[in-house]
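Just below sit the structures, each encoded as C-alpha cells.
The two complexes that follow have subunit A in common; it is paired with subunit B in the first and with subunit C in the second.
Let's look at the complex of A and B:
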C-alpha cells in the first residue's frame, strides 16, 4: 500500500467532526504561516501566544477530567491555577517574601502538592453531597484564595505581585545558555500589500500593507520563547497522554458511569466517593501545572491572574470542545486563546467605529449560545468507544464510532 | 479480613493472589484456602437476613419492624400493594438508605448501614426500577462496568502494570460478549446504550449485574413496562441463572410473573411482613387479598 492510500484510508476513517476540525486547523495554520512569513505576526509574540494556548489547553484538560469525566462542577479553576502560579513563584523567585531561591523543579513539585492537598480539603466535605455543593464550595474557594493572595502581604507581597521568577530551565546545563548561544537570524520581508476597495464609498475598504523593509528577527528572546514552548509541549503532551489512557481505562469508565448515574455505579460496588476524589485531585493538579508554566513564562505573577474570568474561559473551552473529550478540551483551549488574542487586532481595522476589545466577552458568550443551540455536545465529543485499546484489538471488532453523542438536537455524523 | 466468611468469598481466580496474612488466618481458623468445596458447604444457608428493620421519613413509617430471610438458591418474591415499602426495603438492604433500627446480614456478615459498595463486596448486587441510561456508551461498554474489583479501576495500576489491566479487560470483554450471547442480545453489543428499547435495557441491566458475579441479586420490578414476549425471556433467564446458582430476591407487581417464578413469596403491607409462603398459600390467603383490595379494616 502506498502512503497515499494510507492517507486516504486514514481520512475516510475519521468521523465528520474530526474531518471538520482537522480541516479548520489546517486552514488556521496556513493563515498563521502567511502572517509569519509576511512579517505581519512577530514570531516571538506568536510563540508567546502558543504558550498561552498551551496554558489554557492544560486548564481545559484539567477541568475536563473533573467535569467531562465525572461531572464534578468546579468553579475554582482560577484558584488552582493561582495556587500553581504562586506556589512556583514563591518557591523560586529571588524576591519572594517567604521562601524563594529554590530550583524550579522543586517549585513545581511543591506547587502541585499544595494544589493536591487543597483539592482533598475541599473534596472531603463536598464530594459526598450532591453535585451542587461542590460547585458552591469551589466558587467560595476561588474567592478565598484570591483574597488571601491579595491581602496576606507578608507571604504573597499583596497587590505588588511576585517578581524575579527564574526561567524554568535556568539551572539546566545546556538549555540555560541556549538562547544566547543561538545565532541571530534576520530575514528581510519584501513589500507585500493588497487592498479591497470600498463599496461605492459607503462601506470603507480594507487596506493591508506590510511596511517595506520590515524585518523578521530571530534573536535570543525568540529562542527563549522557543524553550518555553517546549516546556508547554511537554506539560500538555504528558497530561494529554495520561488523561487519554485514564479515559479509556476501566477507571475512566467508572467515572463516566458516575457522571451518567452515580447510583448505578454504587449499586455495582464502586466506591464512588473515592473515584470522584481521584478525579478531582487529578484535574486540580493539572490546573496547577498550568499555573506553574505561567509563572515561568510571564516571570511575574500578581493577584490579577486569579480573576474568576479565567475560570469562565476554561469552562467555555471545555463546553465548546465537547465535555468528556480530551482532544475537545485541547481544541477548545486553543480556540478560546485565539478569540481572546485575535480580537486585539480588530481595532487595527479603522473602519470599525467602536472599541472591539471589550466586546470579546460578549462574542464568546454569543459563541457558546450558538454551540448550545446547534451542537450541544460540543464540537469534538468522544468519537469512539472507550475501551482499553489493546483489549479491543484482541477481539474481532474495532472500536465502534459513536452515533449518539447528541443530548438533544441534531444527529451527529 | 477478620472472619472466615470474608475468606469464603474469595473466588478461585483471586485466591492465588490472596496475601499471606489471609492464608495464615485461614490456617489459624482450622481450614486451609485450597479446600474450597468444604468452605462452600460451610456457607450459610441464609444468604440474606433482614431483622426488625425500621425506617421512617418524618411521620411516615415506611418500614415497620420488617423481618424475613432469603435462602440460598431460591427465587424469593417480594410483593405488596403500592406504598407497602418494598422499594424502601431494597434501598435499606443495599445501603442506599440508612435504617433507623434493625439489622441486615448478607452471607453472615452484618452490613447494616454500610455504604452500597461495601454491601456489594459481600456479594449483594441490585438493579433499579427504571433502567439507568448511560449516555455516550455502547451496550458492551455499559456491560463492562459490571465486573467487580477490576485491576484497571486503580489509577496507578494503569501506568505501573498495563499488562494486567489489558489481561483483565480482555477477559471481561470476552465475558461480556458471552453473557450477551446467553441473553441473546449480542447483536446489540455495539449499539449506543441509550438507543435500545426499554425491555432490552432491562435485559442489559440483568446481564450486567451477572458480570458482577453476585451471590444474591435484588431485582426491582424486572418486567415493569416490558412486553409479554420479552417478559417470558426475562423469566427464562432468571430461572436459568437461578439454576446456575444465583439467589434472587425480586419485587414485582405482575402477579402472574411472580407466582410462576418465585417460591417463597414474602408479602409486605404497610412496612411490615404480612405473611410468607408458597405462591399457592399466598394466593388463597384472605389477609393478602384484603391488603391488595385495600380493605382498611
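Let's look at the complex of A and C:
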C-alpha cells in the first residue's frame, strides 16, 4: 500500500467534523503563513499569539479534566490561573512585596503547590453541592480570591500589580544568553508574494527583489519568544500526555462514569467525592501552570488577570472543542485566542462606526448560544470510547462512529 | 458615617436587590435553571429607561424630586426588559433541549450578547439619568442620615411593586397558578393549568421587576454596561439565602444581603478588621455557607 493510499484511508476514516477541523486548520495556517511571509504579521507577535494559544489550551485542558471528565462545573478558572500567575510572580520578582528573587523553578513548584492546596480548600465545601450550585459557589469563591488579591496590598501590591518578573530560563546555563547569542537575521521578502522565483536565492539566476516595508527581522526578542514557545510546548505537551494517560486509565473511566451517572458509580463502590476531588485538584494545578507560564511571558501580573471573563473564555474553548475531549480543548484554545486577538485588528477598519471591543464579547456570546443550540457535544467530541457520557445531561448526543454499543447507564433520566 | 445612615443605605440597596432577586428566583423555580443573564436584563431595563427619559423629557411636574417623565421611563424600562426576556425565551431557551446545565451555560452567552449590544450602542463609560442631584433631606441630617428624596422614591416604588406582586400572588387566580407551578410544575400541569402560559407570565413579571430594579440601580449609582453583571452574584446570594423558588424567601434574602453588604463598615467600628472592600466577599461566603448548611435557604421547605 502506498503512502498516498494510506493518507486517503486515514482521511476517509475521520468523521466529517474532524475533516472540517483539519481543513480549517490548514486554511488558517496558510493565511498565517501568507501574513508572515508578506510581512503583514510580525513574527515575534505571531509567536506571542502562539504562546497565548498555548496558555488557553492549558487552561482548557485543566477545565476539561474537571468538567469534561467528571462533570464538575467549575467557574473559578480565573482564580486558579491567577493563583498560578501570582504564585510565580511573588516568588521570583525582585520587586515582590513578599519573598521574591527565587529561581523560577522554585516559583513553579510553589505556585502549583499553593494552587493544589487552594483547590482542596475550595473543593472541600463545594464538591458536595448540586451541579448548578457548584457553578454559583465557585464563581463566588473566585470573586473572593480576586478581591483578596486586589485588596491585600501588603502581600500582592494591590491594583499596582507585580513587576520585575524574570524570564523562566534566566538562570539556565545556555538558554539565558541564547536570545542575545543568536545572529540577527533579516529576511527581505518581495511584496508581491509567492510567485516571485528565486526566493531566498534557492533558484539560481533570479534575485530576490527587495521592497521597503517587507523586511522580516529575527532579532533577540524573537528568539526570546521562541524560548517562551518551547516552554509552552513543554507545558502543554506534558499536560496533554498526562491527561491522555489519565483519561484512558481505570481512574479516568471512573470519572466518566461519575459524569454520566454518579449514583451508578457509587453503587459500584467508588468513593465519588474522593474521585471528584482528585480531578478537581488535577485540573486546578494545570490551570495554575497556565498562570505560571503567563507570568513569565508577560513579566507583569495584575488583579485584572483574575477577571471572571477569563473563566468564560476557557469555558467557550472547552464547550466548543467538545466536553471531555483533550484535542477539542486544544482546538478550542486556538479559536478563543483567534477571537480575542483577531478582534483587536478590527479597529483598523474605519467603516465600523463604534469601538470594536464589545464585538469580542458579542462573538463569544453568539458562539456559546450557537454551540449549545446546534452542537451541544462540541465540534470534536471524544470518539472511540467505551463509556459515552452525555455531553450535556439530557441531550441526545450519540457518537458518530468508532464507539462500541451504548452502555445502559447513560440514558436520559 | 453613622450606623443609622448605613441602615438607610442598606434599605435602599435592599430594595434594588429584592427586585432583582424575585425575578431570578421565579425563573429558577419555573424554568428550572440558574439564569446568568438576569443581571444583564436589569441593565437592559436601565438603558431603555435612559433612552425613554431622554426622549420624553420631564413632562412638567415632579414627585419626590423625580419628574413624571422618569416614571414613564421606569415603566418603559420594565416593559423592555420583559419583552427582551420573553423574546429570548421564545427564540432561544424554549427550543433547547439540553437540561438545566446546558441552559445555564447558554444564559451566560445571552448575558454577553445583551451586554455587548448595550456597549456597542452606548459605549463602556458610566452615564447618568439627566436628573439633577438632590441635597440630603434636611430634617434627617441631625440624626446623621443623609438620604435624598430620590432614595426615598426608590424604596417606596420598590415597596409598591413588591406589594403589588404580593396581592397578585395571594388574591388572584393567576397568582395561585403561579404558586402552584413554582411548587410542583408537573402537578400544576395535570391539574389543568396551562403551564406554558404561566411560564411566559413568569418571565414577564420576573424580567419586568428586574428591569425596574435596573432603573433604580442606575438612579442610585450610575449606568454602565457592566452594572447588572456585577450585581448578579449578590442577587444569587440573596436568592440562595432566601431559598430558591420561594418568592417571599427572595424578598427576605434580598433584604438581608443588601443590609449585610451596606453594613460592612460596622465590622470595623466594632474592631473586626474587614474593610468595606470585602462587602461582596462576605455576601459570597454567606452564600456558600448557606448552600452547605441549608441548601433550601431560609424560607425553603426542608426536603
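To be clear about the criterion, the second predicted complex is superposed on the first by the 360 of 413 C-alpha atoms of A that agree within 3 Å, B and C clash if a C-alpha of one lies under 4 Å from a C-alpha of the other, contacts with A are read in each partner's own complex, and residues count from 1 in each chain.
In this section, a residue touches a chain if its C-beta (ideal position, glycine included) is under 8 Å from a C-beta of that chain, and two chains touch if they have at least 3 such contacts.
The structure displayed is predicted, hence computed values, not measured ones.
In the superposition on chain A, A:319 makes contact with subunit C only, not with subunit B. Looking at the shared chain after the overlay, A:4 reaches neither subunit B nor subunit C.
Once chain A of one complex is fitted onto chain A of the other, the partner contacts of A:272 are limited to subunit B, with no touch recorded for subunit C. When both complexes are overlaid on chain A, the residue A:137 reaches subunit C alone and has no touch with subunit B.
By the touch criterion stated above, A:263 is placed in contact with subunit B alone, subunit C being left untouched.
On subunit A, the patch touched by subunit B and the patch touched by subunit C overlap at residues 392, 394-395. Residues 33-34, 92, 95-102, 104-106, 108-113, 115-117, 119-121, 123-124, 225, 233, 236-237, 240, 275, 277-278, 280-281, 284-285, 287-288, 291-292, 295 of subunit C touch subunit A in their complex. Subunit A meets subunit C in the complex at residues 73, 125-126, 128-133, 135-137, 139-141, 143-144, 147-148, 150-151, 312, 315, 319, 354-355, 357-362, 364-369, 372-373, 376, 392-396.
Note for the complex: subunit A touches subunit B at residues 242, 245-246, 249-251, 253-254, 256-257, 260-261, 263-272, 275, 278, 282, 324, 381-382, 385-388, 390-392, 394-395, 397, 400, 402-405, 407. Per the touch definition, subunit B reaches subunit A in the complex via residues 94-96, 115-117, 120-121, 125-128, 132-138, 140-141, 144-146, 148-155, 158-159, 162, 165-166, 168-170, 172-174, 177, 190, 192, 194-195, 208-209, 212.
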